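Once you've had a glance at the structure underneath, I'll fire off some questions.
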Amino acid sequence: MEAQLWSALQAVLNGLLTGSLYALVGMGMALIFGVMRIVNFAHGAFMMLGMYATFVLFDSLGLNPYIGFIAAAAVLFVIGVASYQLLLRRVAERSDFMQILLTLGISLIISDGVQLWFGADYHQISIPLLDVNIHLGTHITLNAPWILSFAITIALAVGMFLFVMRSRFGRALRAIAQNRYAASLMGIDVRRTQALSFGLGLAAVGMAGGLLLPVFYLYPDVGGQFTLKSFVIVVLGGMGSIEGAAIAGVVLGVIESLTSLYWGNEWALVVDFALFLLVLSLRPSGLFGSQRV
Amino acid sequence: MTALLTLEHVSKRFGGLRAVNDVSFDVNEGEVLFIVGPNGAGKTTLFNLITGFLPPDEGILRFAGRVLTGTSPHVAARLGIGRTFQIVKPLRNQSVLENVMLGAFLHTRSVAEATARAREVLAFLQMEAVIDQPAHGLPLATLKRLEIARALATHPKLILLDEVVAGLPTGEALALADLLQRLPEWGVSAVAGVEHVMQVVMRVAHRVVVLDRGRLIAEGAPADVVRRPEVIEAYLGAKYKQVTG
Amino acid sequence: MTRRRAFLAAAGFGLCLLVPLGVDQDYQLNVLFRVALFAALGLAWNLVGGYAGQLSLGHAAFFGIGAYGLPLFHDKLGAPIPVALILGMVVAVAAAVVIGRVAFRLRGPYFALATIAFAEVLRLSAKNLHDVTGGDVGIQVPALFATDPSRWFYWSAVALTALAFAATALVARSRFGYALQAIREDEDTALACGIDAARTKLLALVISAALTALGGALYASLFLYIVPDPVLGIDISNEIAIVAMLGGAGTLIGPIVGSVLLETASELFKNVFQEAHLLIYGVLIVLVVLFLPEGIVGTVAGWWRRSRAR
């Protein structure tokens, strides 16, 4: 009985650690989809780019991924602003159809491009930190890289939340989300703000990619599952709510971890999607948000 | 005269705002009733309540002896309530004829019959010239008529016209008013919501209901209603009082 | 559709049936099968995604149900093949009713996301329920045609395309078709005209699901063996939708044009560019969105209308 409790607690803690990275991926999507209303089916592909950017820096320059992820964020920010200005801007006012199709196309280009460049092989990096385990009492063991990325993620999430709530840019962003036309009348440069927030959303998902690198296999299709997962997170968290997405990401991590413990790893994703359908049909405003879908 | 539509103590709130507040009135068969009130008086909300687009918070609506409360919009249409939208909602990529055929399909499966019915209605509304044009790109006056045509094509017993004369030049508004006057020829009772085009109201309405901030403040014959002090005060404002006094 | 056009269409499909007389390589016939199959799937999708304007990205659910229905009902439960095909369609219809009830209450991207989630739940369940589906190990599918299969599969796919085409042509010019298009353009207007939008959309999805399931069964039987990812995965859903949108969503011949172009192009890309073929495919999609937003048929029809109006 006691052993079961310990393993449940271990699963919850593991879930919290994974969930923090989901939160970061989800916050990026909350900015892009929840606030800016751009249906981004390339989110996971961009995350994969963040992983590869961090990988390249590690592989060629020996840069530690816990520093490299910042560079990945910068790269993704630039890519985000550029792809908004070159491509997404042209469908921002068009139907969801077109946005979905365009971002699907972008996603194919990115993942196939990466596959051409790096090959389809799996990569895993090894750093000394990976061998460090922290024991809490006799029953709980936590892997150091996960704890480090958890701490970094919390700091980033709080920073991003404050930035969106407090800064001038954040205010412009929220004004556009409420009423694009009124915002433009108030002298807000809508296009520039949208480009920057797309960049910011990609920077967040790029950082998540960088932080995932030490603890995950790397291959060109690794992002696929994260695209859907990030939509799930945004809907669970409530559209337009960045803090909601952060909470939802963590909750999803815990749910997946507990599902794996009791039903097996292979059912974790099924539970994700079932939960998603349930929330969409019963409580379309999300579990933690107040805005209507 | 028998009442076709009856509203009893109908209310609707949006958050703290009472958009429609304890409103009761009847619409009789063969009647053209105008609901007069400034923007925000609750006219559109009232129409949405009658057509099932919104459920009322309180009160009962009856139509042709049936309780309407809780019906969905398409059922209201099938019972014989046609409506137009204040912000015109044409099917933009379809032609004028196809837009009106959509209404006519309520009572027939046959494309030929729907076409014939649509042409008849379009002729009545003097829209033959634009019959094959796509709805996008038509001027507002034509789109307002298109709204009426589509609603009329559903063979309604009652037609709700939301601001169909608003924003039209006076000549256009008066021409449309003459057509509205002839609606009873089609066996239709009409309820029209208007903001201020009093010339049209005086010319066409059998009866007038005045709404102010969700409340019904006056009801009666047009010539009678416009003389009442509370109406002048609430709706026409102090300026009108100065002129008459 | 006029009598003349119906005759032209019938003649066109007749000609397609003659193609195998001149082609006898299995490889070429299988490419042609794929073209015809995706034309049929695109047409089926078009009822929901094009005419009703509801962007489904979960048609793999119906495709996969059809694919698994054949072996499960025939081999496991002993139903004769025609009955197994029909049962597959029935299950797909039931699935369409369930997903429609949930998803049609949602608008815009949420509808698309809900359809994806539904298909993903089916795919993952098929992977996990080893006892029923064989999981990732897969399951053997009965052969529909014993002799000269490549030709017969091609002929069946053309027949399915003709069926989907005829269904679309009938729908497009009927009250039902007008109602679907009205819902796409403005759901409130449709409601005000007495159209039961929820029912109308559901009916479109049901027809679409039944046709898609039949396509799935054909596909599965050609390969004689299936695993969950290729028949229930999001790639199938995307391909079906992209075929229709490339050709022109909401147009009668759009999905056929889309399939001819996309399937032959991706076959060529596979041969010429090898590993880069998905990259080229992605570039193609981006170009279509930016320059031909109404699809090929929609855009050409637009030019035609404008030049005639002048």
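List of remarks:
Note that the chains take the letters A, B and C in the order they are written out, and that residue 1 is the start of every chain.
The rule is short, and it goes like this: a contact is a pair of C-beta atoms (placed from the backbone, for glycine too) under 8 Å apart; a residue touches a chain by one contact, two chains touch by 3 or more.
Just so we're clear, the structure is a prediction, and the values are computed from it rather than from any experiment.
Graph distance from chain A to chain C, where chains that touch are one step apart, equals 1.
If you tally contacting C-beta pairs for each pair of chains, A-C comes out on top. Chain-level centrality, scored on Cα centres against the all-protein Cα centre, points to C. The greatest centre-to-centre distance from chain A, using averaged C-alpha positions, is reached by B. Chain geometry summary: the mean Cα position of chain A and that of chain C are 32 Å apart. As a whole-number value, the distance joining the C-alpha centres of chain A and chain B reads 50 Å. For the pair chain B and chain C, the distance between C-alpha centroids works out to 43 Å. Those residues of chain B lying in contact with chain C across their complex are 51, 53, 72-74, 77-78, 82-83, 85, 89-94, 98, 101-103, 105-106, 108-109, 111, 114, 150-151, 154. Across the complex, chain A is touched by residues 55, 57, 102-103, 105-106, 108-110, 112-114, 116-118, 120-121, 124-125, 127-128, 234, 238, 242, 245, 249, 275-279, 281-286, 288-290, 293 of chain C. Listing the residues of chain A that touch chain C in their complex gives 33, 39, 87, 90-91, 94, 96-102, 104-109, 111-113, 115-116, 224, 228, 231-232, 235, 264, 266-267, 269-270, 273-274, 276-277, 280-281, 284, 293.
Residues of chain C touching chain B in their complex: 173-175, 178-179, 181-182, 185-186, 188-197.
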